[in-house]
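The structure under discussion is supplied below as structure tokens; questions concerning it will follow.
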């Protein structure tokens, strides 16, 4: 789960990382009041889960109350890469002497957290990594060792930071960012830019934090933030139903079990000449109820012309899926045709249940490709 | 540093381990008031850092206020293995259905914490270990793994605990005891007995906790407890001077550098026919000031007839020690003879300093054995 | 031989008395796997259709001589269960549980490796060596015994491809579902290394998906260390960039991690990549039957 | 050869700019040890009498080609310093610092072992291989080169015995002070194993003290694994039971751990034990000179 900038900054603040005083706002009037509180000049920042806010006009400076209100009005409702701005963060604007970059990420390959720091801030970190690799200090933390003060020293001295006060401040921030990453089960905790003010104070001017979805159970306060960042009403509905659902732009609704097979089904629908309306993964061990939930979400999309079930049972049982489909047909008014392909655990039982009930708009196909072709054909 | 029972129980209580309600008292009147507060019957327990309190009459039950006061009076001032009782712990007496034993110790050999648990409580744990080894479950915690819930299960099921409520309570106490051990830098955290009341509640009836002296710097609240348990006024004086000092019963005062050499010096004095008055280790890198401090402590013992310095310089420098001896002779009125043997780092410089000053009651000897013989002779 | 599980596997199922554990544990036994014990704390002395239950894995090892553990316990107990199995002395742990927090896996992975134990998963379908042993949730009936080693980040996709191979008359030495989580106990490379060393495996098939760079690393490994032919399939060609698809294993990170980038990396070292599961099965079948 | 430190040792001193670090670091260099670098964060670019200072051990390794580290930093920074040295890739770390918390050592020891690095100490005098290298605070001038390996829990006692051996005309292959803390990086057994394998060592002398059971374990090891003759000395025969004498290494635990018990355990496997430092030196001298 990605956090909005202000949510990340709240975590940073709690971890003792210096951030600017700011307020969350949802109206221009609130923005004006917030600016009065934090003091001018202020920066008004769109809170959306996408990059390029600045270029899209989602981040602006304001010198007084009127300007703040006018700017806030302009940013609210803005569409930035498909994300409509509903929330603003208004903070006291900082004077910037220098810009650095600091992050902790989960390095899946090394299976260790990776610290990255550079004094070459203010540009894309990928550019630094490519063009000036020595300037980007990269350091893994061995999980058997845990974070130690020498890790911070390696970053600070490795990047050539020479001012003793900055060395001290950055070292402290590195340790705090790491603890924040660890304690919040983050997959990423990034400060870009980490700035130095003309007074020599080091602070986080932005915050990008991603939390491990699997760990939200032990962070109820973070789990609550989830829906605030959700963009699509269908995806919000899906989440409330416990369904993994990603909206796409086509006409063939897709239900698979397992991310790999579901993705492969999306691919095969494209190969069969169709356009997928969504990606929907029942996950492992889906019950009949979760099949009903998935169908509720998919049929709520008016673009859907047919629905393709591609199920290869493992922990998921074919008979449960069949029961779910039949239950959904009874409970929901489904007008579009459903194509079903069942294999694996209890697939025969499932096929038998479907054959027995034999609903009018249900088609059973023997292979993945056959099923995809039929669904594409029916969606037209 | 060993903690008194009540200090250990306070740590246990803070860690969430069930203990009885009790009060610390230093007078019989306080004991009476405490008993009124915690409710009768009460148990009055001498707070001394030695075993065998029960047999020595230091632990007694009282049914009412008068009896509490009478018993407290009797226990206060009692000498238990050389430890005079100055502090009491008065707690509400518990009904005991069963007695268990639980501890975490620092296993130096395995270099891992060792958990031990048995339901064969109420006897010496060494007896259980010898006579019924299978009843004593021993389990190391790998530091790279850390404590995990399965460690508690291994103890509980391994010891054959069958009651589900007890299994649950003991498992929770194992985890809490381990955290208490870890967070307080303990070398030992022992509950003997861990009792089960007739109502089925599991709680700690005694507490034996030893804290790592080297870690007291990060536990100022524990470091403060240190002097409360100290027995000998000379040892308290020594600690205030930063000197490692153990009072013995003889007449030859001993100062060495390093525990091994100091101990060996004690042995050699015995071999030479003398009796050591103390063990005093200057440690590594002693300054002239710490030599003065050591001499202040040693000369405060009226039994001392001579003082033997046995110094083999490494990180300690012979010239520093010589300067310290000369400074002490100026500052303190030392009437007993001092025998000095110096070797190792800067020993020649030290010997030169002593030869130059040539105080009347100072004897320099070339070897450890010669020096010991001379000191023994002079002590007579 | 086969890899990871075989006729010598003596399995303890952690969580055998739970509904999933029971269902799949008994299916594994029905397949022919030696399921010698189950572990559920507090249920020692009970049995699941004759399989004795113990309180601890240590008991299952000492009394049931288990050497491999299958973990079916809920996510918040899973790391503890794996630690317990490792400390009890099994040589292999296969963890089916999904949603194990990634930070738990950081420490656990490092510990398991330091102890020299083989971990497969978490969030994986398990390992099947057709005709020998099935440990996990892979539907054994869709696979035939043979000489094709199959390794996959995705469970159901593995069944799909195994199924297509079986329909083409081909069989597998072992099928290993490594799982799609950010940190898994065995990587593509770990498994390919075993296939290379396994005399029963003649061809390896790698089934990847978008996200991460495991496929790219595997391509490099194949080029440098493998003599046996390798085929591949990658799911997610039509996935829109930047969208999370189902689990953390499928996050696209920047320009790398796309299905197309993976395909190119694999093809660059001479690995043939099928566009659909059927196509990779057809490629393998053609090769196995002498083009 | 000698053990642990020798002519190939390239030493970095962590804390070289501190007063103890400087004093002993320069003494080590004066002895002939190759002291190639010092580390003090924030002081890179400075030097200590020509020895370059770096901010990190990694720099000392990459630029100064250090392979061994000597740690002189204060106790609360010592564990961090050892972790840093291990991660920087030195093969040996010798930690002089005393009062390192025992719980810090628990994790550190396990980590250092897992990484295959040799750690000596903490709270130890270091290692001296006469005529080759001196790393730590052992006064090199009291020892001669020779064939007697000396291993000890006590620093000053080691000097005492080395001194007595030198006076008897005998010398040492290496002198290793393992330190007296509850957890030390190298045990008696670790060092005896190296002496057994070292062609330059013909006799080993073990110097123990009351507390713990390291001497008893060493006795067992000598009986089972050593072919070279071993002599011993144990300090603390006159120590009153139950009294702490100076450091945690000298706590008597119950009936075991007394000097007498240790003496008996050593003598039981044929190791001759001297009653005083002079006596053990005399025993070794008599043996070395052909009884």
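Think of it as A, B, C and D in the order they're written, each chain with its own count starting at 1.
Please note the rule applied: contacts are C-beta pairs under 8 Å (C-beta built on N, C-alpha and C of every residue); 3 or more make two chains touch, one makes a residue touch a chain.
The model shown is predicted, which means the values in this text are computed figures rather than measured ones.
> Among the other chains, which touch chain B and chain C together?
none
> Most remote chain relative to chain C, going by C-alpha centroids?
Here the answer is chain B, farthest from chain C.
> Suppose each chain is reduced to the average of its Cα coordinates; what separation in Å results between chain A and chain C?
Taking the mean C-alpha position of each chain, the two centres sit 27 Å apart.
> Where the centres are mean C-alpha positions, what is the separation of chain C from chain D, in Å?
So the centroids are 48 Å from each other.
> Centre to centre, by mean C-alpha position, how many angstrom separate chain A and chain B?
The separation of the two C-alpha centroids amounts to 56 Å.
> For chain D, write out the residues touching at least two other chains, lowest number first.
Residue numbers touching two or more other chains: 107, 110-111, 114.
> Any chance you could list the residues of chain B touching two or more other chains?
Where chain B meets two or more other chains at a single residue, that happens at 142, 144.
> Draw the chains as dots and join the ones that touch; what shape do you get: line, ring, star, complete or other?
Contact pattern: a closed ring, each chain touching exactly two others.
> Which of the chains touch, listed as pairs?
A-C, A-D, B-C, B-D
> Please name which positions on chain D make contact with chain B in the complex.
Counting only chain D, the residues touching chain B are 20, 24, 75-76, 96, 98-103, 105-107, 109-111, 114, 125, 137-139, 142, 152-160, 163, 180-183, 207, 209-210, 212-214, 217, 233, 235-240, 243-250, 254, 259, 275-278.
> Mind pulling up the chain B residues that touch chain D in the complex?
106, 108-109, 111-113, 126, 142-144, 182, 185, 187, 212-215, 217-218, 244, 246, 248, 256-264, 266-271, 276, 279, 281, 283-285, 311-316, 343-345, 367-369
> Touching chain D in the complex: which residues of chain A?
142, 144-146, 148-150, 153-154, 157-158, 164, 167
> Under the definition above, what is the set of chain C residues touching chain B in their complex?
The contact residues of chain C facing chain B are 41-42, 44, 55-59, 77, 79-81, 83-84, 87, 107, 110-111, 114.
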